[in-house]
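I'd like to ask you about the structure that follows.
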Amino acid sequence: MKPADTLLTPRPARERVRDASARSAVTVAGLIGLVALAGVAVFLGVEGWPGLTARTGLPLQAANFWALAWPLAFGSFWAAVLGLGLAVPVAIGVALAQTWYVPRWAGRFLGATFDILAAIPSVVYGLWGLMIIAPRLAPVYAWLGAHLSWCPLFAGPPSASGRTILTAALVLAVMVLPVMAALCREVFAQTPRTTVEAALALGATRWEVIRLAVWPTGKAGVVSGAMLGFGRAVGETMVTAMVISPAPFLVGFGLINSTNPNTIAAFIAQTFPESHGVEVATLLALGLVLFVITFVVNVVARRIVRATGGRV
Amino acid sequence: MTALAGRPAGVSTRRRLTDHVATVAAWAAFAAAAIPLVSLLVTVVTRGLARLDMTFFTSSMRGIVGAGGGAAHALWGTVLVTLAATAISVPIGVGTAVYLVEYGRPVLSRLLWFLVDVMTGLPSVVAGLAAYALIVMVVGPGARSGLAGAIALSLLMIPVVVKSSAEMLRLVPTDLREAATGLGASRPAVIATVGLPAARPGIVAGVMLGVGRIIGETAPLLLVAGFTDSLNLNLTTGRMATLPVYIYSQWQNKGADQAAYDNRAWTAALVLIGLVLLFSLAARLLGRLLAPTSLKG
Amino acid sequence: MTFELALRAPELTGAGHGRDDTANHRLAVVGLTASYGRSPAITEVSLSLESRSVTAFIGPSGCGKSTLLRTFNRLHEVTPGARVTGAVRLDGIDLYDPRVDPVTVRRRIGMVFQRPNPFPTLSIRDNVLAGIRLQYRRLRPSGADELVEAMLTAVGLWDEVKDCLGRPGISLSGGQQQRLCIARVIAVAPDVILMDEPCSSLDPVSTAAIEELMVNLGRDYTVVVVTHNLQQAARVSRKTAFFTVAGAGEPGRLVEYGDTAGLFSAPSKAQTADYLAGRFG
């Protein structure tokens, strides 16, 4: 065999088959991955369509899909907003405390605790909120109801069990706190060392350094982190399903009432096991609504991340 | 800046006060974070110990009303469903990552990246519904099984595996790829003999991370794997109990002897957290132990 | 000399495609332009390399000499957006002919890189055999042992590593690693060996060992060495090509190509003389 021939001679058939099959195996895996991920919306849309259009047979005897979906979507948003409203300031404070204020060992202790807490399943948070937190908050709610009922947030008969949307939001806040605090710490750590030193050299106090150097560079990261946390909280199922004591079709801002709005995710989890026919289709369509909400939130959050050049 | 430079002689009272307030606020945030976290951990451990006995691991809930019984069936269910989900997710996830890094056409891979990114934030209950809808489309309505649960969980696990694997494959040094390519290796041979071995530790750690994410998932399993009091080792037929759903149902369907149900729920929570921590610890150890030595070069 | 014995025993190399020692392994470049995206890194190069001898490519950094080298084994095109026009002929066949498989090209034309890059997960022995495995070729176990010994002997590494063949390839020193990489290349019995600044990350002693190896390899292979080191080019090569670049963003061009001795003692172009005198680059 002349070398001149071998350059033009194809590689052995066995070798080419082997390469081609490896390549197609990978491509098939990629396609399955694509179909599985893109399919979520499709599967839900196809099977949930009857629920979107049905007039009878819906869960809770709802008049139509949107009559059912709107209060639940409100509940999901309200719980997530409350949860984030509690978690974000604390997360920022913790991140600043860890880097600027508390001794190293304390910061490290909290970091390790956060690592464990980030791994705890949501059903355990639900159990904790329901059995430990709710009963302790009930007297607080009673006090709030007695003294602050002029404020619409604390109006109405306070819950005796403590299983209100505020309790759920509190548990949600604890749940998203580890991730958000870690994120804040990361973006604050990106403050250029030289900027910090320049501010300190000018005689700035710690707080002034934070306000002038750390916060401006970290702001966008905190916002997108909060968005990601919101995406998680809005779709969280077990905590709201276990903690909130819901009333059907309720839309209201009351934080301490014995009747509370339910969330989409919790409603699905509570209703699905005993559902049939149109009810199932309705729940699938509700799932699609929740999917669209979290999808939008996640996309926007990632846009912000990319726009600010950060990595989350 | 003028405010800072304005009084070289010392720090004004107002500035000092603001700094003190900020310090107190930071400490308060620190405490506000630490208290619930410690409470949660202490509660789970102390209340979980009540039923941490042999029966809990050897007995199911079949025919049990009130005290006694255990979570053997749920433990087995969790093991089986998690294994099945891993078996589905790893080939698809790693294959997708290889496709993305090595073969991806610009448009398709950008779409795939976007999906993987967004699907990382998929609410687990939606994954359960999607798996249910998929199974209804293929098999027919009403089917609940361990396998259905595994499919739902793999929707959550695939993005994690794809992400971590793709990141590791991208870190494989160019000079190693070129060394193999220059030796006359075809693309698949380069991937199989250089890319995947170098990325393996990271891929393994990513898989463990994915297992850690799904092993505690409740909502999807509640929807599609269902719940039962008896041991079921068959993934394809019949409802299958899992630990997270067990916790939920102990609370949801309490009998007269409430304490017995509560105790079982807490013990199951303790065992579940133990499992999750085991996996995240293993993932971290593997990541730390294996990565530096085998990616050097 | 054991070295030559090893190199002249192609049956030992287990080469599936039957390295033909009677062929010329003549490499010819015709009107070649290589670009990254829209901007050419080197343009309009034509030269014919002498077979079974060492040719050196010299020139200031950015003149595209490494890029040119990487077009010879079609490694340039692996970079996204990289393009090549013109022809590179090995014994008359254009490597860029659509019928030619780039993988086959790389099996005939081996490459040694700037930084030693043994496979980190493989032992010394398996690094030598890596090319064989990567090409899906099989060896009898005894054949593998013979091949490992012959190749490590050929690069002067056998005595240093024969007792620790199972240790990872990256446990060796930089110079040893580079020799291991050369052993890995000659184990697959190529016709041409490309070397992209193979000594630039090595100490002087290791450099001397590699240079000696280059001279020896030149007796059996068509060797092309890209180097920054003019003395090295003068020491090891029979012919030298000098490239230069007009400025940043401009493509590199071939200025002069001829016998090394002649080019260094009496360059025919002023640019070459200036470069050799250290006036730029």
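In order of appearance the chains are A, B and C, and numbering begins at 1 in each one.
Definition applied: a residue touches a chain if its C-beta (ideal position, glycine included) is under 8 Å from a C-beta of that chain, and two chains touch if they have at least 3 such contacts.
Note that the structure is a prediction, hence the values are computed from the model and not measured.
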Can you figure out the chain closest to the middle, judged by Cα centres? B
Max Cα-centre separation from subunit A goes to chain C
Taking each chain's centre as the mean position of its Cα atoms, how many Å separate subunit A from subunit C? 55
What whole-number Å value describes the gap between the mean CA coordinates of subunit B and subunit C? 48
Per the centroid of Cα atoms for each chain, what is the distance between subunit A and subunit B, given in Å? 15
Can you list every residue of subunit B that touches 2 or more other chains, as numbers and ranges? 186, 189
Please output the residue numbers of subunit A that touch at least 2 other chains, ranges allowed. 11, 15, 18
Taking each residue of subunit C in turn, which ones touch at least two of the other chains? 103-104, 108, 136
Can you tell me which positions in subunit A touch subunit C when the two form their complex? 1-4, 6-11, 14-15, 18
Which of the residues in subunit C come into contact with subunit B in the complex? 73, 75, 78, 103-104, 106-108, 110-111, 113, 115, 117-121, 130-131, 133-136, 170, 181, 184-185, 188
In the complex of these two chains, what residues of subunit A are touching subunit B? 11, 15, 18-19, 22-23, 25-30, 32-34, 36-40, 43-44, 46-48, 89-94, 96-98, 100-102, 106, 110, 113-117, 119-128, 130-133, 170, 174, 177-178, 181, 199, 202-208, 210, 212, 228, 231-232, 234-238, 241-242, 265, 268-269, 272-273, 280, 283-284, 287, 290-291, 294-295, 297-299, 302
In the complex, subunit B touches subunit C at residues 173, 175-176, 178-186, 189-190, 193-194, 197-198, 294-297
Contact footprint of subunit A on subunit C as seen in their complex: 17-20, 23, 25, 90-93, 95, 97, 99-101, 103-105, 108, 136, 191
